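Quick one: structure below, then a few questions.
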Amino acid sequence: GTTKSSTEGQNTAAPETSAGKADPNAPLKEGLKIAYLPKQLNNPYTDVEVGGGKVAVGEIKGEYKLVGPNDASASSQVSYINTLIQQQQNVIVVAANDPNAVCPSLNQARKAGIKVVTFDSDASKTCRDAFINQATTQGIGESLVKMASELAGGSGEIAILSATPNATNQNSWIKVMQTELAKPENAKLKLVKIAYGNDDDQKSFTEAQGLLQSYPNLKVIVSPTTVGIAAASRYVSASSYKGKVAITGLGLPNQMRQYVKDGTVKKFALWNPADIGYLAAYAGAAMSSGQITGAQGEKFKAGKLGEYTIGADGEIVLGPPTEFTAANIDQFNF
Amino acid sequence: MSAELTEVRAARFLNWNVAIIALTVIVLIVAAATVDSFGTSQNFGFLVLDLLPIALVALPMTLVIVTGEIDLSVASTLGLSSAVMGYLWNANQPIESIIPLCLLLGAVLGAVNGLFVTVLGLPSLAVTIGTLALYRGLAFVVLGDSAVADFPAVYTDWVTGTIGGTSIPDVLIIIVVLAVVFGVVLHATPIGRAVFAVGAGEQAARFAGVRPGRLKFWLYVASGLISGLAGVLWTLRYSSARADNGAGLELAVVAAVLLGGVSIFGGKGALPGVIAGVVLLGSLQNALRLSDVSNEALNVVTGVLLIVSVLAPNLARSVLQRRRT
Amino acid sequence: MTMPDGRPLLSVREVSKSFGAVAAVRDVSFDLYGGEAHALVGENGAGKSTIVKMLAGVHRPDSGTIELDGIAIDLGGPADAKAAGIAVIYQEPTLFPDLSVAENIAMGRQPLGRFKTIDRAAMVQQAAQLFVRLGVSIDPNRPARGLSIADQQLVEIAKALSADARVVVMDEPTAALSGVEVERLFAVARSLRDDGAALMFISHRFEEVTALCERVTIMRDGRHVSTDLLTDVTVDEMVRKMVGRDLGALFPKQDVTPGAVALSVRGLSRDPVFLDVSFDVRAGEIVALAGLVGSGRSEVVQSIFGVDPRDSGTVEVVGRTLKPGSPKQAMAAGVALVPEDRRQQGLLMELSIERNVTLPRSRSLSQLGFLTGGRERRSAREWTQRLKTKYGRLSDEVGTLSGGNQQKVVLAKWLATDPKVLIVDEPTRGIDVGTKAEVHRLMSSLAAEGVAVLMVSSELPEVLGMADRVLVMREGRLVAELSRSDATEESVMFAATGQEARV
Amino acid sequence: MTAVDLPAPRRSSLDVVLKVRELGIVIALAVLVAVTTISNPRFLSGQSIRDILLGTAILAVLAVGQAVVVITRNIDLSVGSVLGLSAFTVGTLLQNSPRLPVIVVLVVGAAVGAVCGVVNGALVRFGNVPALVVTLGTLYVVRGITYFWAGGSQINADELPSGFLDFGNATVLGIPYLVLLAILVLVVTGVVLRNYRTGRELYAMGSSPQAARLAGIPVGRRTIGAFVVSGALAGLAGVLFAARFGTIDAAAGTGYELNVVAAVVVGGVAVFGGSGTVWGAALGALLLTTIASSLAVLEINQFWQQAIVGGLILLAIGADRLVAVRVAAGLKKRGSHVS
C-alpha cells in the first residue's frame, strides 16, 4: 500500500513560480488589494503587526483589509483564504496556523495570480512567495541565551515557556538556544524543562505556576512568546517568587511595562512588530508590481525601512531585535 | 371541529421543516444576487468543502436526536480518528489500511457511548460530555501537539478535487450518497419508523415490539463511524492530522440539526430540513464573510436562528390557541 | 355522630369540564358538610377525578363555581386550593422521589426555626408523629424513591393530614392498601371528621364507602345522578344507579362454540406482583380477567406479551412456547395486546394516525425493506374505516383525536396484525357510550371469527355482558373462575374483594 | 467542606451510603494530593495551595450557579459567554473609571450576568423551549455581542487599576479574597438550597416537575430565578476572572461551559435534576483544578489531562448510577411491609 516512506519526497510538488522576470525598475502599482490574515484576531501582538501593514498599504495607496478567525485554527484560516481568492485580492499576507493545512488553498490563490507573503509563522516553502522573518533565527536564539545567562548570573537552572510544541519559529529558536547552551561558556546553565503554554494566556499562567512548583531552584524562565512572557510575569509579580525568579524572553513593551517597573522583569527583547506588517506590505506590493519574483538576491525598497535583499528560500529578515530595560522602555509604545 | 381543522392546517403551514427549506432557498438566491462571487462555481466548491464535516456528522446526529438522545462526543471522535490516522501514518502503515482502521475506531468509540447509554441507562448528555473530554484527551495522548502533514497527494487531491472538468467537489458525492442513505433509512424503512417511535414514546414503542436499547446502540455506532469518516476526510482535506482537529464542531452540528427542525425531545424532525439547516448556516457564513461581515456577526446570527427555530413554532401555536378561545 | 349544621362547608355548583370532545363533568352540584364524610362513586371515567382536580385547582371549571363557606372562590392553581384549606390526595401518587419522606410531607409548609430556616428536626418529628397516628413504620429520613405503591399512598395520606385542612379530598386512597392500613386510615379520617373537617372519599369498594361515609353522591358519565344519606340507600341501589342502563343492548354477545386452546398460561409468577397464575383461553372464547384496581391483572397480561419480565411460568400460543421478555416474538406468534394506558403505552401521541396504526407491521408492509408510504396509508385507511374512526386526515397527530377515537386507533393498530390471541386491557376506559357498544360488537365478532380474546376490565357490566368465562384476581392470585351463567355482580365482587365466591 | 451537614436527629446507615459519592470525591482528592506531594513536596507549599484555590474559586462560583440550574432539571450552557461579557464589561468600566470601589465592580458584573439569566429564564419559561437549546443559542449570541463590542482589543493588566488587581491577589489571613468570595457564594447558596423553602422547592421541581406543579410550587418563577442565579454567578465569575488574570479579551471564558458542567456532574449533581449539592459541585471544581495542577507538577504528559478528566466524568456518573441502583434495591427490601 501507500506508506509514509513510499511517498517520501513525492509531496514537494514544484512551486508554481509565476513565470516572468523581475523588473527592478517597474513602478509600484497603485490600488493593490492587500489582505492580512493573522493567526487569529484579537491578539495584541498581531494587532500591532497588522497595524504596521495598514500604514504601509496607505503609503502605497493600496486597499487594506484584515480578516481572520477568532480561534487559532488552520481550518478557519482556509475558509478565509478561499474567501480572499473569491474577492480577487492581489496580495495575501498570512501567518499560518499550520504550515501544511493552509498549503492547498494558498497554492490555489497563487494559481489565481495572488502573491502570498507569510509573516510571523511560515507556511511550507512550496506554497508562499516570500517570508518576512522577524530576525535571524540564530540571532534570536543567541540573544535569548545571553539574557538568560546574565539574569542567572552565569549559572543555575533555567526553563523555557514556549507557545505550542509545533510552532515553527519557537522551535527553531529553541534549537539554537540548545546549541548555545551546549557551548562551554554556558556549561553552568542547566535547561530543566520546556513547557508549552499554547499561546493561551491562562494555560501559560498555569504552566508558569507548574514550573515554579516543580523546580524550586529555578532562576530564569525564558519565554520566547509575548503571551507566555506576559502570563509568567503576571504570575510571578503577584506570587512569593517575585524577586527570586527572573523572567525574560520576547515581549511587547506595553504589556510588559508594569512588570519592568515593579521589578519582576529586568530585561527582555523584541523587534518592532509593526515593522513586520509594514515590510510585508512592501514585499507583496513589489512582487505584485513585478519588481521582484521572490528569488534569492533580488532587492526592493520598503519605505521608511530602506532597502531589503531576499535571502535563501524567499526569506526576508527584518533586522536584529531590541533589548528593553527599565531605562529605555518608556521610549516605545506598541 | 372546524376550528380544530384550521389549527391543524395552520400548523402544517407553519411546519418548520418546510419553512427552513424555503428560508434556505431565499438566502441562497439573495446571496447570489447581492454578494459578489457568491454564485461562482469555485465558491460553490469551497462552500461544499467547508460544509463537509458538519453535513456528515449531522446525518447520524439527526437520528440520535430523533430518538431523544444526544451525542456531544462527535467532534472529539473526529479528532481522535484524525490523530490516530497521523500516528499510524508516521508509523509507516499503508494508508489503505489506516482509513478502514480509523472508521472502525470511530464505530468502537460510538459503541462505547452506546453501551453507557443503553446498558447502564445513563443520561446521554452526561455520558457524551464525558467522552467528549476523554476522546479529545486520547487524541492528544496519541499525537501530542504535533501535526502530521505528508499524506499522499493522490488522496489529498481527491478530497479537495473536483469531478471531471466541473467545479463540483468530489466529496459532494460522499455527502449526497450518505444523505440519501440516512434519509431513506429514516423516512422509508421500518428502522426509521422505529426511530421516530422511540423518540415519541419509548414505552409505547416497546409495546409495539421495538427494542429501543438495541436501536440506540446502533445509532451511536453509526454516529461514531461517520465521525471517524469525517476525521479521515478532514485530515486529508487539510493534509494535516492534528489532535485538535474539529474542536468545538459538536455545537455547530447540534445547532444545525435543531435549526433543521428536529425536536431536542425526540420524535420529530426530517432529514431534508436538517440538510437545509446545514446549508443555511454554511451559506450564511460564506456570504457574510464574502461581504466582509465579521465572524462575530455570525455568532449572533447562529444563536438567534437557533432560538427562533424552536421558539417560532411554540409561539405560533399559542397565538393560534389564544385566537380560538 | 355529629349532624351537619345545615350550612355546607364547601359547595360544588353546577360545574362542568370538558377535555376537547370529552365532556368529563357536566353540571354537577353537591355539598360537603363539616364533620361529615362524603363518598363520590361512579364507574371509571365517570368524572370523579376531574371533580377532584377542580377542587385542587389543577383544572379550572369551564362553567359553574366552587363555594367555600358560601362564598365563590377562584382556584387558579394548586397553591390557591392549599391556601383555601383544601388538601387533596390524588389518584396517582405525586411524590418527589429524590427528597426524604419527611420533606415530601412538609413541602411548602416546613416548620421554620431561626432566620426562617427549615427546622429539620421538627419536620422529621412531625412526619414521625403522623406515621404513628397512621400506625405505619416508614423512616421519615429515607428518600421517597423506591417506596412501594402502598407506602407512597400512605405518604400522600400523611401529607394531606399534615395540612390541617378543613376539606380533605381523597381520590381512591385505599386502592393499594391492605385491610389493616385501611382501618387505621379510617380511624384517622374519623377523628378528622369529628374535629369538624369535611371529607370527600372516592373508592370502588362499597364496604369502605358504607363503613366511613354518611352521604354518597353518585355520578354517571360526568353527570350527577343522586346524593343520598347512606342510611337511605342499599349497595344494590347504588350499583344500579351507577350502572344505570340496559346492559342487554350494550353488550351484543354472540354465542360461539369454543375451539382449541389458543393461549395457555401455566404457573406465571412475578414477585411480588402476581403469583402462580394459570389459565387457558380457547379460540372463539372471550375470557374476562376481573378484579380490583391493583390486583395485578395488567401485570399478568403485560408479562404474557413480554413487555414485562416474569420470574417463572410458561406461556404457549397455539402450541408455541413464548420466550420471556420478547414482544416481537409474541407478535410473531399471533398475540396482540391493547394496553391499559393509552397515552403511555398504546399510542405515540405526537405521531400521525397512519404511523400509529401501522407501526407494529412496518416490517411486513415494507417492500424489499423499503416503505414508500402508499401501502401504509392504504392499510391505515382500511383499518380505521373498518373501526369507523372519525378523523380529519391520516396524517393528523393522533393526540388531536377524541379519547374514543384514540382507543379505536389502538384497536385498529392491533387488529390489523391479524391476531390469533387478542388481549385487551381496559378496552373501553374513558370512551363514550356509543363507542363502547361499537368496541363490544367488534370483540364479539372477532371471537365469532375464531380469535381468542382475553379481556381485562374493571367495569363489571362489561365483564358480565361480554365474557364467556370470568377469571377473578385478588392481590396477585387467581381466586375464582366463573362461567357466564354463574357470573353476577355479587359473585364477581365478592371474589374480588375477599370472601370466596358463592357457587 | 463536607463537614457542613444536616444536624439530623438520627442518621440511618442509609444516609451514610447516600453521602458516599461526595465522600468519594474527597478521597480521590486526598489520594491525588498525597501522591503528588510525595513526588514533589512543594505541591503542598502555601503558594501552591493558594494557586489551586485561586483557580478553583472561579470554576467553583460557576459550578455553584450551574448546580442550581441543573438541580431544577435545566442546564445553562451560556455561562462561559456570560463570563466573557461580564469580564469585558468590568474591564472597560475600570479602564474608564479606575477609582470605582471593588464592590461596585462586583455588583456590575453580577448584574450583567443576571440580565443574561433573565433572558435565558424567560425564554425557557415563556417560550416553553428546552433549556439546552435556549442556552446553546445564547452561548453564541452573548459571545457574538462581546466580540462586536471588544473587536480585537484586549485589556491588559497595566490598564486596570492596581487596586482591582490587588483584589485578585491580596489575602486576608493568608486566604485570597477571591477564595473568600467563592466560599461566601458557596455557603450562602448551600444554606439557601438546604435550609430555605425556596431552595427545597428547586429540588422538588427537578425531582418531579409534575408533582411540583400539583404541590403549588410556582415552577415558572423559580425556573427564571434559577437562571438568574446562574447568570449572576457567571457574571461574578467574570469579575473574578478579570481580577485574577488581568488580561481580558473577547474570548475570555470560551469553552468554560463544558468544564463547568463536568465539575457539576463529577460533583454528583444528577443531570436530570432533584439531587446533588452545591458542596459537591464545588468539590468537583476543586478536584478538576487540582488534577490540572498536579498533572503539571507530576510531569505527567499534559496531554493526558483531558483524557483523565473525561474518564473521571464517566466514572462519576457510572458510580452514581450504581449507588442509586443499589440503594433502590435496598429500599425495596426494607420497604415492602405490605404482606
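Just so it is clear, A, B, C and D label the chains in written order, and each chain counts residues from 1 on its own.
In this text, a contact is a pair of C-beta atoms (placed from the backbone, for glycine too) under 8 Å apart; a residue touches a chain by one contact, two chains touch by 3 or more.
Here is each chain with its UniProt name: B = Autoinducer 2 import system permease protein LsrD; C = Sugar ABC transporter ATP-binding protein; D = Autoinducer 2 import system permease protein LsrC.
Because the structure is a prediction, the values reported are computed rather than measured.
Touch-path distance (fewest steps) from subunit A to subunit B is 1. In terms of C-beta pairs in contact, B-D outnumbers the other of B-D and B-C. Centre-to-centre spacing of subunit B and subunit D amounts to 30 Å, using the average Cα coordinate of each chain.
Centre-to-centre separation between subunit C and subunit D, using Cα means, comes to 44 Å. Averaging C-alpha coordinates per chain places the centre of subunit A 38 Å away from that of subunit D.
Annotation for subunit D: residues 147, 250 touch two or more other chains. For subunit B, the set of residues that touch two or more other chains comprises 144-145, 248, 295-296. Two chains count as a pair here when they touch; such pairs are A-B, A-D, B-C, B-D, C-D. Residues 116, 120-123, 125-127, 129-138, 140-141, 144-145, 243, 248, 251, 254-255, 258, 264-265, 294-304, 306-307, 310-311, 314-315, 318 of subunit B are the ones that touch subunit D when the two sit in their complex.
Within the complex formed with subunit A, the subunit D residues making contact are 40, 42-43, 45-48, 51, 55, 147, 150-154, 156-158, 165, 168-169, 245-247, 249-251, 292-293, 296-297, 299, 302. The touching residues of subunit D, counted against subunit C in their complex, run 6-12, 14-15, 18, 191, 195-197, 200-201, 203-204, 206-208, 210-218, 270, 274-275, 327-328, 331-332, 334-339. The touching residues of subunit C, counted against subunit B in their complex, run 305, 307, 327-328, 331, 337, 339, 344-351, 355, 358-360, 362-363, 366, 369-373, 392-393, 396-397, 400, 413. Partner subunit D is touched in their complex by these residues of subunit C: 56-58, 77-82, 90, 94-99, 103, 107-108, 110, 112, 116-118, 120-121, 124-125, 136-139, 141-143, 145-148, 150-151, 176-178, 181, 272.
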